[in-house]
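For reference, chains read A, B, C and D in written order, and residue numbers begin at 1 within each chain.
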Amino acid sequence: MTHLHVFTTGGTIDKIYFDALSEYQVGTSPLDSILREANVGIEYELTSLMKKDSLELTDADRETIFDAVSTSGSDHILITHGTDTMAETAERLQDIRGKTIILTGAMQPARLRSTDAIFNVGFAIAAARLQAPGVYIAMNGRVFPAGQVRKDRSAGRFVSTEE
Amino acid sequence: MTHLHVFTTGGTIDKIYFDALSEYQVGTSPLDSILREANVGIEYELTSLMKKDSLELTDADRETIFDAVSTSGSDHILITHGTDTMAETAERLQDIRGKTIILTGAMQPARLRSTDAIFNVGFAIAAARLQAPGVYIAMNGRVFPAGQVRKDRSAGRFVSTEE
Amino acid sequence: MTHLHVFTTGGTIDKIYFDALSEYQVGTSPLDSILREANVGIEYELTSLMKKDSLELTDADRETIFDAVSTSGSDHILITHGTDTMAETAERLQDIRGKTIILTGAMQPARLRSTDAIFNVGFAIAAARLQAPGVYIAMNGRVFPAGQVRKDRSAGRFVSTEE
Amino acid sequence: MTHLHVFTTGGTIDKIYFDALSEYQVGTSPLDSILREANVGIEYELTSLMKKDSLELTDADRETIFDAVSTSGSDHILITHGTDTMAETAERLQDIRGKTIILTGAMQPARLRSTDAIFNVGFAIAAARLQAPGVYIAMNGRVFPAGQVRKDRSAGRFVSTEE
């Protein structure tokens, strides 16, 4: 069995709703419950690095992600991340060698009745297992190499910058 | 963009519930709504071959599946299938060359509030894109080559026969 | 706060799905989780009387229900019940005086992503609180007195026999 | 069959999520889909009055609600409303005579996988049918007369001011 290391950083996929005078907030990641519900037969480790909208991620945060991934004992890495700056974080991680690093997230919070989060996590875990070493974004049923992808905000999906 | 051909054959993943004097039945596949909800950015074709519990699949049904996959214009094939005889169908398809063929399904119907179906479809689509040509079962977050996998009924998951 | 006594007897509302060689079965009632999710501010007691399709309920089972409701310390009773013989059980309970007794159930199991169960339980609890003493079926957004209601199988809903 | 008139005004129950640079917003009311999913056997009319957080409702908005309810042809009124100022709107409607007016809403958007919205709508529709004329808030499995209820923000539920 492949050991998988999952890092959560916040973003829409993790969002929860607090009623009333509060705003929509980033909460405990639903990753663990997604993996339990799928009854996955792989060993995985789950590490929460931060709980932030990706627009609020700083250089220091990306340094933290870089260090955590670099020093992980696993060569198969999944990072859940807000979509707005996912491409930027992917590029920042490109110097890490010898690991397959997959970033994914969601356009709709995992806790909604209708969401892309669960599909995306399933898709990304297969990519983390099967792709050659490198850094990739797995969104919308596609795997994009870091540096060749952007979020098309109006279409609400990720597209290749090479096509 | 990779063209993906999805064949549905029935099984738990497709099950719906009719109240009253009827039994739980196999209905229209939820595959299309799963793919729309995930907003996938790939071209796919969806073909319903049959709507059967996999225990009821006959040799003639497996012949139908074999012919449909063989003559498909796509080299990336996803087959949704009941879990009880999924391993048997996978073995039957091993003579097809030059295509990546992934079988998946679910232990819980896709229409349940809590289900492994959506994760499995996401996982399987990545496998259909990334695996080398061959026949595989993608279940429980793992990819098993045909002929090296069985359903462990008591554990409720697929396991390798090679480990 | 009104004390409410909830009795569960099985039926579609309670159904769960076991994969594979098993049939769709009646499991632990989801009533408690429905009431917690709704964060109800009333005191309630939850008693599981049986776990049966209503077509399988015997005279002895209806005697058990009758006795349990009669001897309950509460005057506000909710009974969840399969739909096929709900009208028959309602009639059997008509000799109980001084209590408001509401029967409800669902056409779709509460555990489905799309279900009438949660709406029906909310509706029935209001009826249990607000109706005058008597026995009623609360289904499809309506309250029917016992003896004046039948399930219209083809329409998939309960209708009055008096209209 | 009782004719029911449903007015939607926005609030958490109606909230939807737009990814990215947008905020959580109030969208098309899910009331119609809730009532269809419940397969209600009553005639109802659905009118969208506004799409606002209840903290943003103005005196003019409450005037609009007052006029719409007053001139409705139905004597059974359901109003979905944000929770923060629901009690205030209920008091504003107390001068309307001869109608049963029920306000309800939700602490969690109806589109979440886990929500109190569907239960509350079911509960409130029974109250709209069964209560004597007057203005009431139906939340947390209880019916509170207007003027005798407040939202307890820390407990996340409505409580009586008379107990």
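Note that contacts are C-beta pairs under 8 Å (C-beta built on N, C-alpha and C of every residue); 3 or more make two chains touch, one makes a residue touch a chain.
Note that the structure is a prediction, hence the values are computed from the model and not measured.
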| item | value |
| --- | --- |
| Centroid-based (C-alpha) most distant chain relative to chain B | D |
| Chain centre separation (chain A, chain B; CA means) in Å | 26 |
| Centre-of-Cα separation between chain D and chain B, whole angstrom | 44 |
| Centre-to-centre distance between chain C and chain B (centres being mean Cα positions), rounded to whole Å | 37 |
| Touching two or more other chains - residue numbers and ranges from chain B | 107, 113-114, 156 |
| Overall pattern in which the protein chains touch one another (line/ring/star/complete/other) | ring |
| Every chain pair in contact, whichever chains are involved | A-B, A-D, B-C, C-D |
| Complex contacts: residues of chain A adjacent to chain D | 12, 15, 17, 19-21, 23-24, 55, 83-84, 107-109, 111-114, 151, 153, 156 |
| Of all residues in chain C, those that touch chain D in their complex | 1, 34-35, 37-42, 107, 114-116, 118-127, 129-131, 138, 140-143, 156-159 |
